[in-house]
Amino acid sequence: MPADIAFAMLGVMTIGGALVAVGAGNLYRAVLGLMLCLVGMAGLFLLQRADFLAVAQVLIYVGGVAVLIVFAVILTEREGEPLAAAVNPRMVPAALILGAGLTAVLVSVLWRSTPAESPVADVTARTLAEALLNRYLVPFEAVSLLLLAALVGALLIAKEKES
Amino acid sequence: MFPGILALVPALPFLAFVVIGLVTRPWRWLSAGVAIAAISVAFLLSLGALSFLLTAGAETPRVVELTWLTTSTLNAHIGLRLDALSGIMLVVVTTVALMVQIYSLGYMSEEPSLSRYYAYLSLFCASMLGLVLATNFLQLYVCWELVGVCSYLLIGFWYDRHAPAFAAKKAFVTTRFGDLGFLIGLIMICTAAGSFDFVEIQAKVAAGTWTAGWLGTVAVLLFCGAAGKSAQVPLHVWLPDAMEGPTPVSALIHAATMVAAGVYMVARLFFLFSASPDAMQVVAVIGGVTAIFAALIALVQDDIKRVLAYSTISQLGYMMLALGVGGMAAGMFHLFTHAFFKALLFLGAGSVIHATHTNNMWEMGGLRKKMPWTFWTFVAGSLALAGVAPFAGFFSKDAILHLVMGKNLFLFALAVLGSLCTAFYMTRVICVTFLGEARAASGHAHESPWVMRVPLVILAVLSVVAGFWHAGFERLVQGGEAEAEGLNLGFAAVTQMVPLAGILAGVMLYVLKSPDPDALAVRFAPLYTLLKRRFYVDELYDWIIDRIVLRCSAGLAWFDRHVVDGAVNGVAWLTQQTGTQLRYVQTGRVQHYALAVFGGAAILLAIAHVAGAF
Amino acid sequence: MMDVRSFAVIATVVFGIGVYGALARRHAIAVIIAIELMLNAAVLNFVSFSRLAAPGSAVSGQVFAVFIITVAAAEAIVALALVLALHRALKTARLDRFNMLKW
Amino acid sequence: MGETLFLDLKDFALAVAAALLPGGLLASVSALISAGAVLVVAPVTMMFLTWVERKGVGRFQDRYGPNRVGPFGVLQPIADGIKMILKEDIIPDGSDRLLHNIMPVLAAAPVFLLFLVLPFGRGMVAADLNVGVLFFLCISSMQSPMIISAGLGARSKYSVLGSMRAVVQVLSYEIPMVIVIVAVVMTAGSMSTSEIVAAQVRDGWFVLTPWGAFGFIVFLIAATAEANRSPFDMSEAESELVAGFHTEYSGFKFALFQMAEFLSAFASAGLAATLFLGGWQGPGFLPSWAWFGAKALGVYFVLVWFRATLPRFRIDQLLALAWKFLFPLSLLVVVAAAAWYFMPLLPALVTNLVLLVGGYGLLSSWILSEFIRMNAPRAVPDAR
């Protein structure tokens, strides 16, 4: 089935991107891995007919957040501090055990659950927009306020102090 | 209309207190005006209440109440109770307070913090009036303590001087001893009755709910409070020292507010006391002893205000004596008349002090010419105090003596002796202060301004005429059930000899100098010293405190410092050590914290999963 | 293979990888990247599980996903600004050089 | 005549496929055919565009332009391509080899996706997504990380500076562009490109309304900047940065970047035609796809015109243009579009004119005066 093939490819892309994102010693490559993972995620959304979300995901994450991260990397890059020492060796065992353990527990939870009928919800941009602007209007506005606050706050924090 | 509108009587002075404290403090004469206006309205209302009682009868108390707070076991109310006792007391308190406040305009005219003075006075009146109108123990107690606080504030009004501050503290602490007993008694009776209300408790007492012995215990405990407030032996020591306060305040304390509270409380709870003959006996004996004890001390004091202070203690003893032998009406009548002439005497003494700037009688003398108004009003007050007919004191004291004679001859003897002393020392005061040669301080003395004279005159008139109301008073208080006893002319004629003898003795000693008082003092030196040192009561207390209380305290302090503090410090040390060790867990690295958070979440999740939650 | 569970497994794995990265990586920006991974795993779960919701309310899951994406963007902005400020103050963006968050 | 030419071709191919393959794969095959068509058409278009560009600029500059290879030099792009492929591929020392190698591909690949949602003619849209316009935006926004990664992959100062400028520019101009598109989407009531064209069939071209005219201008300027084309080609300003982010790329890698640039510019032109110029519709003497091609090429010609005519902006002026002039105008366009949608014709016209001409005239003149005041030369304190 083409959909299954697409799912497998996207899954590999997502997980592989995630592995690159946390594994790459070079931060630029890590960002690329993140982008790969996010695009794979968008594909997984698309497979579930969440068109709008897929597109928004790419627009916001790949077009926005990833670029911001790259900018931050450029601005914080320093000579003589090799990015290669990317992981803290003393944290690695604990982090590995915790990450693997958490994944194992959650997968085990999923395994025990009974598989349910999984219809593909028919959510179009129109229905999503109607939900956002009717039922979820107040949270929607609150989120816009939050964005504004975050924007102003980030500007204030990051601004160079004038000497 | 009555008694609801009477809420204004305590409320107005209280409001004056608030207004003065918050608004008019910078303008001292305005503050005085506010206070006087408030008390004037309260005075008029009180007069209205009394006349209402006289026309409508006072057999049953009129009560309005609001629920203050409700618990599962107790309901506390706040209310107003208008009956003969409270009606009369309202008039007494507001009259004296009004006179004192007007008088203070002159006496305190140079005081910079006049606003504070009038604020305290207003609060003092408000709390006393609230006490008078109380319907239940709780309200009574609250007002009772407020009265104590106000007296503390006013005695220590000149708090920047050592003596007033010390006297204020002494007054507060001493009355506190009595209040402890009062509080215990109050808790006992109220928990036993399940109510604070006088009416309910009275009903239960009348129904014979409790044994006489238990009631006696309660009554004696309650009487402790009264003894403290009304300066009965052995808790009288604060009152003479309280003379350090401004003289008008002394007048107020002695005549209407502070000391009257004790007597009033006993009268108000008379139903309780009269249920226990033993308690009545205690009251009577304490009263009688106080009466003669204080009168004896008063004989030899040099300070004009101290003489008056001891005379107050003595007169309060008479009131208690009357109450103790069952003469509620007689006791209250004495309170009534005493309020007027004692206020008069204090204001007169204040006038003298104002003119001479000294308290010592031996520095005055010959003031009769220079201060005629003060002299004549003072004489009127003294005659009333001595119990010379037909002044007010005669009627009230005579009633008490008559009553006591019928009950207990020993106490009667004490009372008669006290009466003799009273006449003597008042004669002494007048002779030394106003007659004879002018001495050091009276050279530049002059009559006081009219704002001080007017209250003197009004009170003098009241001191003369108040006694004639004794029959009506008795009817009002007794509620018409017992026919007024009336004046026993024969008995009065006999007892009248006593004050006259006292006056005669005084005149002989201090005008004619035969025998010479100084020679007498030398001759009876031990007795004189004993009296001069006020029976060594203060010294005894000092000794007790130094030797017993402070030593026990030292032991307890050691315990507190080493055992209690040690335990507390030990706990603190333990906490600190634990924290010192634990803070190494706080590495300051955000990823370690995140590890802890995620780890905790993972473990919880795993436990829930294994337990089968999902 | 297209049922909700397989999507959820992918989300879980990505989340686990994110946890590892957030804990083990040294550079603050790498940690932010890992946090973004975790947030996205959550978004994927919202989208997937919304399919199991009653017809008509499936949209709620996607609405939540929209909110998460928005908030994640805001979070990323603030976090990066903080990293910049940190870098300016301490001349490093390595979290293991930064241990003032104590006592 | 030929209206359904391409659709018929596809149907024929599908019929052949249906005969040869099991039925379940038919949908996939259909998608593959459409995608394949896009993949074939795009490079051809790109070649044509380079020729148009060079020829056009040449004529504007009063020279002939390419005229040696083929008639009027039409085969020049093929010659260029051969040259590019044959050139040496230089990977500078110290560059990130991985990034250097994959970034050109990753930068070029998404551009093809842009063509998926453009309706080339009646019924000729490869993927009629209900979020079509948003899809277009999302793909074009993917350019910025690609550009910056390409610049960083080269690890050259010129590349890094060029890529950062490019990204700042793209992000800044994306905002007025998106807001203007919101106005169109609001009016059409859909984000699907074919629906938007259908709405213009119903209501007339949007460019003919006041808000649409202003919106079209904003869109055109923003699209020019998005495509990093002159006068907004800061990122590859030869005089300052050699060639911006693709300085260190040569040979076919350079060709891929060039292709991405030309194609995205053309896709933007196509989107402009779709959103404002009525898409494929036009008088029936030409087939719908021809109308679309003509309109898109017309818009593209305007872009060439810009390039040939206008001098380059300074970077701060460029950003100021986006934030201080286009951004307020785009917001006004949205309000005006709403007024147009809800009001009868005459009041709507008045409102639009008041808002856009009066309101924006005042606003922009105020902003301009402030801008000039702020940028006025200041007395430089004596340097000791």
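Think of it as A, B, C and D in the order they're written, each chain with its own count starting at 1.
Definition applied: contacts are C-beta pairs under 8 Å (C-beta built on N, C-alpha and C of every residue); 3 or more make two chains touch, one makes a residue touch a chain.
Since this is a predicted model, take the numbers as computed values, not measurements.
Traced through touching neighbours, the fewest hops from chain C to chain D number 2. Remark: the per-chain Cα centre closest to the mean position of all protein Cα atoms belongs to C. Taking each chain's centre as the mean of its C-alpha atoms, chain B lies 99 Å from chain D. Chain centres here are Cα means. That of chain A falls 6 Å from that of chain C.
Rounded to a whole number, the gap between the C-alpha centres of chain B and chain C is 76 angstrom.
Distance between chain centres (mean CA atoms), chain A to chain B: 81 Å.
For chain B, the set of residues that touch two or more other chains comprises 591, 595, 598. Counting only residues that touch two or more partner chains, chain C has 19, 22-24, 96. Every pair of chains in contact is given here: A-B, A-C, A-D, B-C.
Every residue of chain A that touches chain D in the complex is listed here, in rising order: 1-2, 26, 28-29, 31-32, 35, 51-52, 55-56, 58-59, 62-64, 66-67, 70-71, 74, 124-126. Against chain C, in their complex, chain A makes its touches with residues 3-4, 7-8, 11, 14-15, 18-19, 21-22, 27, 30-31, 34, 37-38, 41, 44-45, 47-48, 50, 52-53, 56-57, 60-61, 64-65, 68-69, 71-73, 75-76, 78, 81, 83, 85-88, 91-92, 94-96, 98-100, 102-103, 106-107, 110, 113, 115-116, 118-123, 127-128, 131-132, 136, 139, 143, 146-147, 149-151, 153-155, 157-158, 160. Those residues of chain B lying in contact with chain A across their complex are 591, 595, 598-599, 601-602, 605-606, 609, 614. Contact residues on chain B toward chain C in their complex (touch as defined above): 583, 586-591, 593-595, 598.
Interface residues of chain A facing chain B in the complex, by the touch rule stated above, are 88, 91, 94-95, 98, 101-102, 105-106, 108-109, 112-113.
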